[in-house]
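Okay, so chain A shows up in both of these, paired with chain B first and chain C after.
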Partner chain A sequence: MTDAIDLDEELLYPEEVNIDQAIAEMRKRKELIYSLLIISVFILVSSYLLTVVDLYRQNYVAQVYFTLVKASQFILVSVGLTLSIRVKKFANFAHAELLTVGLYTVVAINDLNLNLFFNNLLSLLFFAFIMGGLIAILSELLVFGPLAKRKATPLSLMVASIGVGLIIRHVIQQFLPGGGVPVIMVLPLPSFWLSIGNFLLTVPLVGSFLASPFNDITTFGIFGSSKTLTVSNIGVISILSMVIMVLTLQFLFKKTYLGISMRATSDDEDLSEISGINTQSITYWTWFISGGITAFGGVLLFSSGAVVPFAGFSQLLIIFAVVILGGFDSFEGTLISGFIIAGIQTLTIMINGIIANNVPPGSPLSYTVFWNPSADWSNVGPFLMIIVVLIFRPRGIFGLVDPGSKL
Partner chain B sequence: MINEKLNQTVEDIIAKAEYNPKSQTVNYTLAIIMGGLIFLSFVLPLVFGGSTNLDYFTFTITFIAIFAGLSLSLNMEVGFLGLPNFGKIGFIAVGAYSYILFVNSGVNEILSFIFAGISAGVFGIILTLPSLRLKEDYFAIVTIVVGEIIRETVRNQHQLGGFEGFAVPLPIDRLYPSNTTFLQNILLNNNSISIILITLILIFLYFIYLNQKYSKIYAVPYSISEPFVTKGGIQEEVENGLINFTIFLGIIVIVLNFFGSFGGSPNGAIDLSILILLILLFFQRNYKFALLRKYDIHWDFLKTIIVFMLYIIFSYVLGFVFPVNSLSTTLSNWYNMLLAVGVLLISYKLIEDIVKSPFGRTMRAFRDDDTSAISVGKSLLGYRIKGLALSNMFAGFFGVLLAYQVGSITPDGYTPTTTFTLYIMIIVGGTANNIGAIFGAFLIQLLFQAASKMGDLQNVGGIFAGLRFDFVNFSLIVVGVVLILFLIFAPEGIFPEQKNQNERYLKLLKQLSLDTEGSKSYLVRILSFFMSIAGDNSFRHQNLRGLEFTENTDEKSSNYEEEMK
Partner chain C sequence: MAETILKATDVVSGYGKLEILHGINVEVKEGELVTIIGPNGSGKSTFVKTIIGLVPCWSGNISIADPKENQNFNVTSLKPYQIVTSGIPLSYVPQVSNVFPTLTVEENLKIGGFVKRKDPSYNFKKKVEEIYDIFPRLKSRTGQSAALLSGGERQMLALGKALMSEPKILLLDEPSAALAPVLADVIFHEIQTLMKLGLSILLVEQRATRALQISDRAYVFVSGEVAHSDKAENILHNPKIGEMFLGKR
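Up next is the complex of A and B:
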């Protein structure tokens, strides 16, 4: 009789991950990383060659640079979601609002007319980080924590996160300066920043390269072509801060007590609680870090152009595209998929532009879907990517557990 | 050991089926507080807004009806089918766009209306494919993305209207210039009344025929009334079927009138009266609201006619007594309201019947535990295809109605925010409960309409003029807070899911757990005491899965225990 029961339980709860499978998966990961490296080198070389050849009058090197900037901003914005999914195990739709929180922290500090000590790029990014983290903790404290205590399903947590997003967005619209109308966000550079830039420019050979994060605009010539590559400081700062963030998180997860207990909590909450980890505070730390990085990345992502309360919400699905392609809760996956999604976005815009410029308006091609000159397909590429990935490889690039239905 | 386990599960099942007054009070307190506040906010513009504006009512009722229909359709997917479709707005857009494309290519409006529903349904079938491979939250993301892709595609395609979209003309405006007033319309001729009277008479004759044929044969399944709610014997079934048929056809006549299919001039007042009558009848029939309870069918029919005539007289008087200006609302608004409420009633009826039918039961079985439903031999793919196609068909219909109400179809009218609003409606009202979905839509649309009205009054003047406060925005904050409060304190909503209490099965379960020893539940002990006092032996004659319970219950149940051991 007991045998029958055991059999039943085995049928109901099959073993999720086999160790052999996991090892094979790791091996595959290594192969994937190498192939991605080769592909990226190929893309760099071919973009340079195509620019030199002047195919369709496009600056491919500049496109690669834009992709890099976009990718690092996407990674900054979506790593937080990966973190929170790992620990809380649900898709947080309010994540995009943390980005808006960062933007409006900057707007509010701009509005206060403080002296330049508070109102400069570095301290603004710092305040955005703190504010995003605090709002994330608040959402856990008021909504997700009580819901998890009541054993809510992932679906109801998801709907609750929609409610949280709604509240944050519209509270910002109601009470913060600017409100519904678009505001220009100012990121003034500190004075020593510019002097460092001027000093670095004097360094021979690599001077302009080193000074690019400090000067507003740096222009590089492309060898063998009349085109130039124009680099803005915000772009370089985003790439640099992405790299620093990745290294810091790597250090955090591998070496520090906080990171290790975070990983333990995400793997098995009960077990880590038994072994003496304060899972409650670990959860709050996770929210703080994830919210902080998101708000920080949001400021960089929207550094040019006007800011509206719907700014974060408009990026929600792109963030989800990055996270899903990466494997939903995989840190390395998010890193790689950020580049892939940014690349797809650039490609869709570029191909559309090339076709719109080179196909005569009367031809039958100009009536088909993608050949509309005024079209903006930048979101459709990544969105299609989500669907393709979820249907053909639901675990993403690096996800271990197949998130398929019970069948 | 097996016995203990069995006992435990039996007690669990009984406890689940029992009425839980504590959680219910929480729900109702929340509902009353929220409903009261919302109603106050609804009345505010009327009190301070200066002139009473009939458009405020018609618009609110129309929006409530449309969003109630949409949330019904979403509820069917989320509540009964268990598929969290976050791309509902995509299907609404598919319905609206296919309608306007059909109309622009010269198809008749009513045919386009039907095609709109069908194309949204077909689109739902396409969406079934990812649902077979993905878990809930992943499916949610796929659907939200599908909705966004539809929007972006439409926005970038000038063949599909592009950024500006299309204007949606009301079919009724073709028959009448839009400045025709209510009174003028009443004075025009009335074709719809004759059509409805003829329909009623035909149905009456049909009923007499059926009654003669079937009234004496009990226990014979009666095919015509099967799709309708059935309670009681064959007589009541026939009655229900008849009245529901009348309601259906009456509404269909109104709908046809809206599209000008009879070529004649429709009459607003009469259609309004008929609609009120139909709503009354609908609730009276299905919920036994009204004074008429158990009655002779012929007398009932006579009463129907009397009420009907009274309403016609009332509506004529209404038209004559009020001057033209006081009823400033235009004819098309009236018609839009009538159409929306009519389609809502029909869809409510159909969805309620679908849910209560064996098909609906299987849907719920898949929602609760798909593995066991498959093991019984049900096709997961088939049920999901049918369920998604049906629910999205309704979404397509209401998408067209929404386009009528808004007056235009633009890609930016179809953002995911609407889907989220629908989710809030069904969570507040109660998932897996159709009345709950309608009630949630009612509350939240009331709030939204009141807020937008107050926002309008800020520009016009009066008490709100000096106020620099964004009411529409504030209503969204309120809705967000309400959603979270409900999710934390009353996750089942105002109207929780109605547990299908199979009395026979419950009794059998009680019997099983009473006879086995080691039952610790006080509930079961008390129940056993009362049941023994009452001498309830009814379960002893039932057969269930081959177990025969005879008068000698103790012996049989002990046999059963031995078998299990």
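Up next is the complex of A and C:
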């Protein structure tokens, strides 16, 4: 008896997964994380030593602190993009505008001149989060949702998102306070924060390190060096919020119904529907969290300086740099590449500064310094780094898929 | 006389404007294993997808009964997640991509049980242990992501995931597709084990002979219509059908 239907079985034969190989790959991942940890400890220790010996008159401890703050802010504004890419499978160019939405939420509340509860940093950040989330949901409701229902490709969704970004930007420019003119964003600290600072001043040992209470900035001395480390409130809050955000997302994705459903929806939307997940509401939640974190991070990123409607757009490139280096849809990847990009940026500024300060004018090396010795190279380094990494690993540090297969 | 669990009457459905099913009548009784066989493109998979709501039902009626609670659900125009979340004891295992590859084995099972998360009498951990008793091979892989499973284990996980919501009737869409003959035998064996748990199963199969051997009744689909329906062994020994679909001479 022959079974005619069994004929194409050889074609359908499943590709056996080599378990040993898979385990080895997972080990490699762990090794990568450990090695990054070791590298960061090494950088911290060596920067302290460098400060002590006062090499090339740079304050290395301050630079490391600066890198940490920058990295935290980069991660806060980028992780939302990773999230939306994972679940919605397209690159949202309107992401940068969510950042602007956060900024102008704060500006608008400042303008309303509400005292008490509304006008302090924590509630401003809270309202920025809510507003960013709502605008992201709105863009899904009005544009991305209907397009996806008509079977839009990732490419057409991406182009549509550029349009969405344009609309948000110009609505802000037309209708919000300041218009196209730069406005100053005010972030007053809650009074309990100041009382913590005042309380710390009464502690004998800590008080001797604090030049000023937590009013705006706090200056610490560095052991064995004449240099000081100036820590700003916003910097500390950025680092803290980044850590809290990462832990919360980790908990969300691993333990809660919402998080696991999000991961399931990003894996396979049809199967999620069959398994009883309301993918529509999961999509809205994804947009809310993604937009919220972005607006929140935007306020911290632009905490110093004037706000313009193009503020978010100006960060689009660096956000995409962080996300692409991390592997486009990987959460851990975004985390690590945030640190890498911020580190390289600081390093570039530092090397530029060293050359500007120590190389005599007229020597060949001095031509590598641009006319502004402090910043102009700061985006060259990170992008060179990205090119190098992508040459050797086209799917990014933690990328799950080949770049050609999706998006 | 066992009660009818699934009853489809004059189901017409299709993709876009293309009509695939032209009035299908299928019935599954309590504790029965019913197989649908037929050539490629005869609408077997489409029919199962119409029941679960992935393909819209144009006309006709599909109802599912819960004999224990004496309830009768009309699922004709419900969306997939509505069917699963409203407590209708129905689970569907698709043909391909039936597990979430980046989730671990346990998380996959968890998703299967999410529907019951508001039911106080439902014990998730106990249910997972039950599944591991049925499929012992999954237990050693609890923390691994489903992408690392072999083809057979993946099918087992898909079955386990479907069982997590405590269904009365299972819709299996070609569970042996893309499996080696040995593994397919394992899966058929598992299906027989499931029958002993008191489930009713509607099975769509390409390996007709093997499926008919374990089934109670069978339907033969030809180009979107039920060409023949009878007891499984009668179909197995029907010379005409054997010649047409089972490759016998």
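Here is the rule we use: the second predicted complex is superposed on the first by the 354 of 407 C-alpha atoms of A that agree within 3 Å, B and C clash if a C-alpha of one lies under 4 Å from a C-alpha of the other, contacts with A are read in each partner's own complex, and residues count from 1 in each chain.
By definition in this document, contacts are C-beta pairs under 8 Å (C-beta built on N, C-alpha and C of every residue); 3 or more make two chains touch, one makes a residue touch a chain.
Because the structure is a prediction, the values reported are computed rather than measured.
Contacts of A:S275 after superposition: chain C is touched, whereas chain B is not reached. When both complexes are overlaid on chain A, the residue A:G163 reaches chain B alone and has no touch with chain C.
Shared-chain residue A:I391: touches chain B; no touch with chain C. The larger set of touched chain A residues comes from B, when the choice is between chain B and chain C. When the shared chain is aligned, chain C comes close enough to touch A:Y257, but chain B does not. Look at A:F320: by the touch rule set out above, it reaches chain B but stays clear of chain C.
Residue contacts after overlaying the shared chain place A:A152 against chain B, while chain C stays out of touching range. The residues of chain A shared by its contacts with chain B and with chain C are 1, 12.
Remark: chain C residues 52, 54, 79-81, 84-85, 92, 94, 97-103, 107, 110-112, 114-115, 117, 147-151, 161, 165, 177-181, 206-210, 246-248 touch chain A in the complex. Listing the residues of chain A that touch chain B in their complex gives 1, 12, 90-91, 142-143, 146-147, 150, 152, 154-156, 158-160, 162-167, 170-171, 173-174, 179-180, 317, 320-321, 324, 367, 369, 372, 374-377, 379-380, 383-384, 386-387, 390-391, 394, 403-407. Of all residues in chain B, only 1-2, 84, 129-138, 140-142, 144-146, 148-149, 152-153, 155-159, 370-371, 374, 380, 420, 423-424, 427, 470, 473-474, 476-477, 479-481, 483-484, 487-488, 491 touch chain A in the complex they form.
Residue ranges on chain A touching chain C, taken from their complex, read 1-6, 9, 12-14, 16-17, 19, 22, 257, 260-261, 263-264, 266-268, 270-279, 400.
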